[in-house]
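Note that chain A is present in both complexes that follow, paired respectively with chain B and with chain C.
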Partner chain A sequence: MLKVSHINTFINRKKIIKDVSFQVNSGSIVGLIGPNGAGKTTIMKTILGLTKFTGNISVEDKTVTENNHAALTRVGALIEHPAIYPFLTGLENLKLYSLDEADMNNIVSMLKMDAYINTKSKGYSMGMKQKLGIAIALLNKPQLVILDEPMNGLDIEATILIRKIIKQYAAQGSAFLISSHVLGELQKVMTNVLLITEGKIIVDEPIDEFNRVSRQQYHLLTEDMPTTEKLFAENQIPVTKSDDYLVIPRKLSDQVQELLYSHHIRLVELSPQGLNFEQTVVSLLQQQRRQSHEK
Partner chain B sequence: MKKSLYREFYKFGHKKLTWFAPLLLLVFMILISDYPSNRLLAMMTYDSPDAIMIILVIVGSTMFSMEFQNNAILTLLYKSPRTLSVYLDKFITIFIYNLILHGLAIIFTFALAATINPVSWFAAYQYHQPLIVNMFLATGVDILTTTLIISVVFLISTLINSNAVVVTVGLAVMFFGEAISSDLTRGSSALTSLAKWNPFNMTMLTHQYVNYAGYYDTTLLSNAQLATGALAYILVFFACGYLIFRKKRF
Partner chain C sequence: MKNSLKQEFYKFRHQRIPLYGAVALVVLMLYAAVSSTGVNRMIIAQGFGAGQWITIIMITVASTFVAMEYQNRTIMTLFYKSSNKSAIYFAKLIVMLIYGVLMLIFGMFLTVILKAVMVGGKYRWGEPYGQHRLWIDLLLNTTGTLIYLIFIIAVAFLLIVLIRVNAAVVGIGLVIIFMGADFSSLVMSALPHFGAIIKWNPLNMVFVINQLANSSYEKFSNLSLPQIITGNLIYAVIFIAIGDALFKSRRV
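So, the complex of A and B:
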């Protein structure tokens, strides 16, 4: 469906996205997550041919370039803010992009917008505008839907509704690339994780695999934590801090024990921990930041 | 292209100003029709060129700014097959609106001439042609002048996102263009031959066409030269505006 190969994106001659490659397959819901300024929105804009880039982007084997968007005819997107003209009604805003009236009316009903769809959109609340923006992205049975922070301004009912609709569209074959700061919400729908920081993808795997690996962490406590941290840094052992503990990858637990023993540091606790999704993301980002800093 | 052009017309047709402007044009022409010099006024479709130019500056400046203000530019760009079509569609839309305004100005002129200020349409007037031919040709010439103003407004719109600034600069070109051009062409003789080709000079095309003696001393160019210059500047401003729009980051 969507193939992104070795893209580099430049803004004011500064490289923002660095050699990023990934794929989004039909029916999958890919969660694009990362800290502020990581490059999530820039990646989305690049896919839509809205920024200068090198590398290759194709949708259904049709190439997207900065000035040729012909490959995007069946792509829907909501980037940054909903694109709504206040002098038009909600329905007129949809009509601007709709190719199929029945599909448009179906989306209006599905998103429960019937009550206000014929009123001028300048009077809409933030949540109503957001729903209209999502409706525009879902028009014309898109093969690929790109949503940047879709849950912004939505109340709980609308959030649940949008989640259900995303799953429904994915079941029918649409592919989704969604970015959100609300990781809990994203976790409930996504099938794949794409973790990005400093313009680079550091994780690209199915959510099940991500969750399985995320549980393979150990919490470590010693009698002399400052020396332990120093020792780990010297031996390039990736650790993160969690309260009073150090979190280490399970696969390094034997190496860590040997190291502590050889330096006469007494181990107080070494226990397997199941990090939740958010903790794992934070832990991975911290590791990446530290590695970048060391370089 | 067809779909993106339809979108532009759809948006344009749903703006109140689009429909309100012809009424303003009519009121302006009625007020002007009270002045003497019937034949000159009839040839100038009751000074509609100035009113149309103001309308086009105001309407044209909102064509890009509404996209920026409503966060719609990204959607518009990716939904359009090419970046060029976004720029071109907007240009075509306002150009057609320009033609409609001129068409309405002719209809209003006939109505005013038949009721308030009767004129003899088939009597010879300027350029040894009947007044009616003068009027149609002056309208044709004004379409060229106003298209030049549209290309200037579009160029400014790609540089500045603020609607108010674009309107101000557009009106300044319109009202002060003559004075600036006059200053430029009055310079030393070596520079005058070059300075007379400045773009401000071309904005006087319509005025010179209806009052050749009054304007030739300022422009130092014939009507044909002004028309050629206007056409060349339309192409230059359009190309520059598009290139800036293409390079612009959103």
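So, the complex of A and C:
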């Protein structure tokens, strides 16, 4: 569906996206996550041909360039803010882009917008505008939908509804690329994880695999934690902090025990831990930051 | 392009600004009719100042029509949904040109009504006076305004893409219309040796509004009729080309 190969995006001559490659397949819901300024929105804009870039982007094997968007005819997007004309009603905003009236009316009903769709959108609340923005993205049975923070301003009922609709569209074959700061929400829908930091993808895998790996961690406590940390740094053992503990990859547990033993540091606790999704993301970002810092 | 045109027309006809533009024209022409010491042949031939008023209205409407895309953050959706960015720019330009033509026709229609109300049959449309008959003078002044409108819409589009602040574009536009001709004449008289070059400056192009009907304006513009028409059109093409290039390349 969407193929992104070795893209580099420049803004004011600064490289924001660095050699990023990934794919989004039909029916998959890819969560694009990362800290503020990591490049999530820039990647989305690049896919939509809105920035200068090098590399290759294709949708259904048709190439997207900065000035040729023919490949994007069946792509819907909501980037940063809902793109709405306040002097038009909700329905008129939809009509502007709709190619199929039945599909448009169906989206309106599905998103439960019937009550206000014929009023001028300048009077809409933030949540109503957000729903309209999502409705615009879902018009014309898109093959690919790109949503940047889709749950912004939505109440709990609307959030559950959008989640349901995303899954429903994905089941019908649409592919989704979604970014969100609310990881818990994203976790409930996504099938794949793309973790980005400093313009680079550091994780690209199915959510099941990500969760499996995230459980393969140990919590470690010793009698002398400062010396332990120093020792691990000297021996390039990747660790992260979680409360009073150090988190180490399970596969390194034997090596760690030997190291502590040889340096006469007494082990207090070494226990397998299942990190939750957020903790795993934070842990990976910390590791990446430390590696970048060391370089 | 066809889709972009359809979208731009749809947006434009759902806005209030075209209506406000027409209302403003009525008010300003009425103001010109009642504030002048006496309605004379010249003010009728100039459509009660319609040319000048429409030019001002068009700067405001044209810059607003582009600026709204940045203000409402709809520019990104427009860009990615359009096969090429130039199609959007030219679709907007065509909508504005058509609106400009409609405003000119409306201005002529109002002139006929205002003349009938204010002076009745005192000046006859077919009566020869000076260089032309009255209706021909009105038509030539309207044609002159149309040529200048192409120029001024191109300027408004270029400026709004460049600075993205609607109020600033309207302000600059007003300065061009009201002070451009005086400033241009001042520079030409101050630097007579460079007159042959300075007469081609863009501020001088405003004289086309009157020069078509009244050849005596040539002594202000220092350009012959074919020269000033060509100058306006060439500047319009240059500004449109630069505006389009900027529109496509600016980050959204």
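The definition used in the following text is that the second predicted complex is superposed on the first by the 295 of 295 C-alpha atoms of A that agree within 3 Å, B and C clash if a C-alpha of one lies under 4 Å from a C-alpha of the other, contacts with A are read in each partner's own complex, and residues count from 1 in each chain.
Rule of thumb we're sticking to: a residue touches a chain if its C-beta (ideal position, glycine included) is under 8 Å from a C-beta of that chain, and two chains touch if they have at least 3 such contacts.
No experiment lies behind these values; they were computed from the predicted model shown.
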Original post:
After the chain A overlay, clash or fit between chain B and chain C?
Top reply: clash
**OP:** Scan A:45 for contacts with chain B and chain C and give back first, second, both or neither.
**Re:** both
Original post:
Thinking of the overlay built on chain A, is A:11 touched by chain B (first), by chain C (second), by both, or by neither?
Top reply: both
**OP:** Mind working out whether A:107 is in touch with chain B, chain C, both or neither, as first, second, both or neither?
**Re:** neither
Subject >> On chain A, the residue positions that both chain B and chain C contact, one per complex >> reply: 11, 45, 48-51, 67-70, 72, 75, 77, 79-81, 83-88, 92, 95-97, 136
Original post:
If you look only at chain A, which of its residues touch chain C in the complex?
Top reply: 11, 45, 48-51, 67-70, 72-73, 75, 77, 79-81, 83-88, 92, 95-97, 136
Original post:
Tell me, which parts of chain B touch chain A in their complex?
Top reply: 3, 7, 10-11, 14-16, 66, 70-84, 246, 249-250
Original post:
Considering the complex alone, what residue numbers of chain A touch chain B?
Top reply: 11-12, 45, 48-51, 66-70, 72, 75, 77, 79-88, 92, 95-97, 99, 136
Original post:
Which of the residues in chain C end up touching chain A in this complex?
Top reply: 7, 10-11, 14-16, 68, 72-74, 76-85, 248, 251-252
